[in-house]
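Please see the structure below; I have some questions.
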């Protein structure tokens, strides 16, 4: 079975669900799952439909023309993707490999519907791991001075590999607009703190100082505003006075893996929509 | 706003969502939320639609006629309820009041859309609590000998109060078919164990003996098969060797309250569908 | 059995545990549980001992003299309490009763070892509830102008009732030093946000704006620095885009009850020690 | 710093903690952490002490002699281990590698204090992974007919590598007494079900049939009684009607990794004691 995911958003009005499902009915799409969300405060309507498109009575381009027409009448924007065109995902890392290994393992087990054409790192350390997983590894060192040039190299690599999604799997550099602007809402970062509480460096040490009883991690779209992009997933774990900052780092690794994997999965399955700096995630 | 919840089930086929949403569009219903579920193994389709019915262009009976027609064509069964006709819920208790108080508090805070016309107990202890909450309290003692007669009395009370849903809020008697058959899938019980592991009496003592590291509680529809009715909600909590059976009872009270309240809320909001002894719960 | 809880703190050195347990052995105390904690960064040692004191071979005052001597030699401060002298706890409320009811229910079930001699409120609404639970209720209205006078009245009431611990069970006024200074580390507040992220008013609306995926609540000792006192307990709960601010308020009620009850229990069982604005909680 | 962990168990009596800590004081051991547990029903006392043994004033053998004497007087059994003699752990696998990779990663990050001298498998598939991690890999095929002989080979390997602990990281064969008896309470298995509910094969399918709302996994010491050995760790995760058996397998992988890693860590840190088929785990 080949499936498609259709996402629509626009101002709420009667008949949206009917008109969209009508189009699917007429073109031979079979709805597998459909979900909606309404932002009550400003009457915005979000629709998410997954449908079996393997027995449609028209080509994809004809379908998309009709869809443009119907959504145009409804004043809504749409976005569509097909399961036989999996996204191409690049992973950026530095020295820590726990998130990278976790993503590669999940990919191997079929949890993440994507291709992983390359890994980029500002350190050479993880090349052997990439080789073990048979994924091309590009080592691009980054210093303050060389960062602009390095990011241009990265950009070229990402473009030449037709990358759709970039994962910062504990990549320890702040990206500049060179990359950020080239992949709007398509770069996912993991922050080892429960945002918005502990932004910036050493969040676990901040948490220790405050004596919090719960720590967390956050995965979010990277934006120019550091650690402030739309939150995709968060997780927390209990700690107590007996946990050293080192213990928190250890516990943190587990939470980081979990929130990053969950965010990546949601994005790859086209379950994420954005609205006013927040995410709407269907499931 | 007055809303309605429509639930349909039947064999899957193309066009179900379209035909139902078409009907709503034509009759002026505005979809607030629509969810679906398909049982892959036997191609059963379940649809749940919540819609604003305050501006419909026909009466409810006309709408339901049309609905009968459309669902008939689709070979599906349906069920509909309206927010201006809240369910009438009876609560049965014995001596423990933690679940009862929890339900009454949530009701007061508007979490449970229902009326509570009466409380029935086989003990007189909780009458004062009922008075405090201004709910009629009926004390019907139950012994082995008087159980048949007692249940008939209860049945009469429930019928005369037009009760739709009965909650066994730690009511410590096993019901007979007299009541069970009168309220199919409309009696909710809470079991203080993580079913199916610890059925029957003293589940916490069973859990202690086995040395489990997690205990739980389960809310389910009461059926003739003791503690085996369709599970609506479950919760677990970590324990360790330092917890006595008494500690488990204490922790258990919290989980019992939680699973019962959650199950009751799901039922009252018409989010539960049944299939082959399992529940499908939309949210 | 009558038990005592002994808490000691001071600079770490060899022999602390031995010397304290030696004293207990010689005086006939039987250790039920003993726990330690060391702050690695500055070599501070914290010891917590619960012991059966019902068969001691000396009076409490003789024991405490010996304890003063031993701890003096070790350069440590100590604090001792006895299970036959339960703490006296006052509860302050405004209009919301969910935390109050939760505390009263837990007290009734024997979860909270204390006496509750009075409830104080700045609103008359919850008097009937207090009457139902047979606890004296004092209504002391508070306006900006009358706050100093009102707090003096409260202070007098708390003193005349020999109160050891004050619980702000969603008491919606900021306390002044009049009360804060009279009960150092003995006033527990519950904040309906996951501190330190969302301080001050309307934390759930702040959480909604930020699009967080997890909300929380925090119980802490009240200090002059609003919502910044030592954190005793925190809990979190997952939310998603479909939750309105109202839903968060509802979920929040459950978390608030939980963190407040847990903090109160820890304090009443003398399991909390303080160090540099953080809590050390033995269990 | 070199530390030691001392575990004692026996009938409760006054002075146990004092006598043990006295011995440590006299021999120059500095207590880092000490915990106790009493089984109330039959007056058994369990003591766990972690102490800095790097500045003791006697040799380990002299210390252990004194310890034998003191514990003998108290009628208690003891067990001691030293941090400079990490346990030697073998890992047994079949084809699934998620638990193996997880353990190896945690080992690399220093979370698991042990040496891993070998991996044994009844399939050749994971050899490359072992090579990547530079751990000797032994492929020993097992059929019904060859199992006795295969286990003897394994036993020889485990003995010749001085193995202290064997981990069945989704090793899909039932062990016979050949191995079980050679490593009493030193073989840890992970079962992909929330024991004791779903023993044996295909636990997730059992869970699906019952319509449970929570699934789990259990790590336990392997005994002759299949899936009934002392439980070390359990974890649960929420599911709902929309999860297929495949989804449960996916969620299950995460829980399996977690409970196995947690159990292995507890065992390696000598925090586990056994009593009547249950575990007492200090932390």
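We call the chains A, B, C and D, going by the order they appear; numbering starts again at 1 in every chain.
Just so it is clear, a residue touches a chain if its C-beta (ideal position, glycine included) is under 8 Å from a C-beta of that chain, and two chains touch if they have at least 3 such contacts.
Just so you know, these numbers come straight off a predicted model, no measurement behind them.
A comparison of the B-C and C-D interfaces places the larger number of contacting C-beta pairs at C-D. When chain centres are set by their Cα atoms, the one at the greatest distance from subunit A is C. With each centre defined as the average position of its C-alpha atoms, the distance from subunit C to subunit D rounds to 37 Å.
Chain centres here are Cα means. That of subunit A falls 42 Å from that of subunit C. Residues of subunit C in contact with two or more other chains: none.
Subunit C makes touch with subunit D in their complex at residues 14-19, 21-22, 24-25, 28, 30-36, 38.
By the touch rule above, subunit B contacts subunit C in their complex via residues 97-98, 101, 105, 109, 111, 128-129, 132, 250, 253-254, 258. Against subunit C, the residues of subunit A that register as touching in their complex are 37, 40, 194-197, 210-214, 216, 230-236, 240-242, 244, 277-281.
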